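Per-chain residue numbering starts at 1, and chain names A, B, C, D, E and F are given in the order in which the chains are listed.
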């Protein structure tokens, strides 16, 4: 099985955090790197998008987004029923798992590159359109009556969030300028991408280490959920990818998107829309368990499954 | 000089960074003429917040205003934020030279 | 509203950045329920500390607590840190709404 | 312990970041033995200053000193800066252990 | 007309600011990028400067700086007379327009590269020497009696300002080390330049969006001035470039320098030397109108004019 | 003698600081650059380490570390005896000089590359193992009774310090992943290294300028010590390198390691373990004198000596 060295940087950060090293990645560097990664992913997606007919991508995206709504709904049912969580917590966690993690996606792209498997470059479009619908579902699940919710405010919050703006902005710039126009920027946005990702994963390791304490409060059910949910969602992603005719590489990426849990857009949106939910639970699960699980075991697993099942559903 | 000094209240709020815009709006609605924010980190009832990461960062907001405004804002915070958010708030006495600058238009 | 206000003490410490973890531990041991840190720079008896460089940076720590805790912490600082470290500390009066949140468990 | 505490004044100034060096010089000239600066952002009579950009950033300066020095510095600020610069200043009471450290040499 | 994709990053930042996105470029990243750009521009200029005789450049520079003094003087007369501004405001704005914007210059260099037009690399020297004289003119215009001005303090402020130090420092390092000596640094300072510029323009878009409110207070005259002044100054730049025998590309760059308004050195210097001037007016005009105007319309216009008029004055 | 242009950036920073320019490198950029440099040096070392038998490197490292203990012991004796410093100050300064400066090492590597001289790539391992023993020696020297010292706490502090974690972490990642695995990261960690070093040296120049005031309090003996000690230690390094059979390039690097004084790990550790020592003295000497001395004169001198004496001791 191919082995992706950027994972080692995550492990180093985790290690440094666990031994309580005084290594700290400045918050500003974290912000700067995440702006870089979001823009770069958007740009690459936009360049690829320019090569395919928009209509066919739009059709696939509609299916992908519609199917993805199953994820927060299932998550909510599980957490509320067998999990026994209060409504707000179940809804907030469901929103995190229904949305996506951009960095997990980036690691999957890196992983694919090492296996030599190609994937549809325009999948970044799905990334953008998978990020926010689950957040809205989460809020609806949290407030059945929806009386108190300032929907306009919330929609603005979600759609003008920095990850959407940078991904979509990068996408549009890449699409308008094309590979040729972006060429002078390749040195920064393409060549340095992997290194920046490694750096960012070092920081993520430190952040995850600092959130491990939250897990103690999470309870056994949530811990199991945080591993089982991505696996189930990943399998749904592979089935969907096969159904809409994506390549094997595309299936790995879509599985990763479905399996990943948001830790940028979702925490911010849930904190404002469902403040009574306990963020230690959702962030503990998404960041403390699911994120490292996907990096270390999930992505290779989705790869194995995608290769195994390719053509099976066609 | 000291006879020109007027007493005002300084409301200080330490809370999660994501609330900055909402609080700014609430403070303006509550009659404050301004506010000042610095980035912070810390520890409280909800564990360590080290500021290395957007969801784990705090801010420290100060509002200089007259006493009724300060008390009104504090009550607003207690009603709207204390239950659900990571927040600490306190009020202290300060002396200023230009009292009109920190007088609520509303009150 | 103002009758719900309770008096507490705010201990503010300005010192070299390298002490952050040690002070956090000492404050917890001394009965504080939390603290808040901001990055700072400045000038004092030991010259200019411009914060551009880890060994030349300051921090500003605030601890909101009851009076006995504040005095105990101040004494601890005086004994353990004043002689050898770059440090300034002062205490002021503040009013809070939830006095229990800033009451030492120890005292 | 509390009988060792001495009252001093804390002068806090919030203003545009470009004034840092000038104010440091003025404070020293006015008898202050030190100062502490933190980066800030905020809103006041002159609109929003979000700190993302050098000309749009604020600082927050604290000077711990005796009362005559504090009042002298405040007057200096009023004369020299209040009219033309974005600035807020206030004075509060604090208690310290080492009064000599915050006693003006000049006064 | 050639189209420069870095402009799109500016547009994205502007858009994000206008829709009030939570996207914020950390102030520290802004500072870091501006240090990078200033150093890199200086280095490139120094390498080029090493290839030409210093004396001839010095002669040209003297003419360029002398002619440029017309800009703040004209600006002052217009703002004070027809504009009706008070002396301090007119003088401060005049200083902003008499000085130069390094980023506008960098975008013009990028723009030129896309057109295939060459320019004298040593023009960076003019950039350095155009930055500060107008600031001194501005202070003289503000205080006719000049009694209260601490000239020593002000000169130090202006000449030791970070943009002068970094540009001039880069120039000297590039000049001493030469292309060969700088080679190992090319990866950072040359290859990444365009990408960093794009990143910086994203931030500039956000900053400009946050200053748009200032424009409301500016009045119609100042808005017209903020477009007409750069066009007039740009034309003066083309005439001057032709007179001293610069290439067509050189004429575009000199026009851009003359047309651009400072928003780093000038605001800092004016705030200290002419504090009674309202910075919202000068920054609103220079950053809110002239900067985007030059990026979007000015530079292509100066290019068109320079191509059209080349050889005409010779 | 070959001339290393990155030194010019140091000079520029020093100059800017001395003329009191408003140029400031944000503290966060300083932190980010130092994380980058430490990781990159570790990675390069790890890749090289994978190419040689671990046992032979371990043997050499044991000798190198053992001999290096002479440095803090000699320094202490000199500072306490002829220097007349109090015990705490002498011990703390001894620890600074016994430990190493990573950036001085990086400049020596750059310098070597320009001379065309090869060196053993695995010397980074020595760098790691030279950093902390002297710190422990320093604490022992400061407290003969050692009653008050919390050794567990101190050891943790020293071994989990960010420079050890990043160097060792990079070393292990480079060693596991190998040159092939690290390749996609080369763009960041290898290609940009020199440019980042230049940037960092600019900042170091500013920091050194801000510490020059400390030198006034240092006294003549300490100033002489801060030049003589590195020269003596450098010569010890060359002898040791010859004794264990390093190449001429390796001798230059080991001399530089011995000669360099720590200004990251040592100040942090001494401040906690020997708080009664005056940091202005140790940082003033190590950063204000020894660091620039090594950059400007020391490294060329060690190179000259190493070339001259190579084979002499064999």
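The rule is simple: contacts are C-beta pairs under 8 Å (C-beta built on N, C-alpha and C of every residue); 3 or more make two chains touch, one makes a residue touch a chain.
Worth saying up front: this structure is predicted, and the values here are computed from it rather than measured.
**Student:** Any chance you could name the chains that touch chain B and chain C both?
**Tutor:** D
**Student:** If you take the mean of the Cα atoms for each chain, which one ends up farthest from chain C?
**Tutor:** E
**Student:** When the contacting C-beta pairs are counted for A-E and for B-D, which pair yields the higher total?
**Tutor:** Answer to which pair has more contacts is A-E.
**Student:** Based on CA centres, what chain would you say lies at the far end from chain A?
**Tutor:** If we average the C-alpha coordinates per chain, D ends up farthest from chain A.
**Student:** Between chain C and chain F, what's the gap in Å when you average each chain's C-alpha atoms?
**Tutor:** 35
**Student:** For chain C and chain E, let me know how many angstrom lie between their CA-based centres, rounded off.
**Tutor:** 46
**Student:** Rounded to a whole Å, what is the gap between the Cα centroids of chain E and chain F?
**Tutor:** Taking the average C-alpha coordinate of chain E and of chain F, the gap between them is 41 Å.
**Student:** Two-or-more-chain contact residues of chain D, please, as numbers and ranges.
**Tutor:** Only 38-39, 92-93 qualify.
**Student:** Hunt down the residues of chain F that sit against at least two other chains at once, touch-wise.
**Tutor:** 22, 24-26, 28, 31, 192, 268
**Student:** I'd like to see which chains touch which, written out pair by pair.
**Tutor:** Chain-chain contacts present: A-B, A-E, A-F, B-C, B-D, C-D, C-F, D-E, E-F.
**Student:** Would you pull the chain E residues touching chain A in the complex into a rising list?
**Tutor:** Against chain A, chain E makes touches at 3, 5-6, 8-9, 12, 15-16, 19-26, 28-29, 110, 113, 191-192, 194-196, 198-199, 202.
**Student:** What residues on chain C touch chain D, complex-wise?
**Tutor:** 12, 14, 38-45, 58, 60, 71-72, 74-75, 78, 82, 88-93
**Student:** Using the touch definition up top, name the residues of chain C that touch chain F in the complex.
**Tutor:** Going through chain C, the ones touching chain F are 16, 18, 22, 39, 46-48, 50-57, 83-85.
**Student:** Can you list the chain F residues touching chain C in their complex?
**Tutor:** It comes out as residues 24-27, 30-31, 203, 206-207, 210, 213-214, 263-264, 267-268, 271-272, 275-276, 279-280, 283.
**Student:** Spell out the residues on chain D that touch chain C in their complex, using ranges where they run on.
**Tutor:** Within the complex, chain D touches chain C at residues 1-2, 5, 8, 10, 24, 33-39, 62, 64, 92-98, 101.
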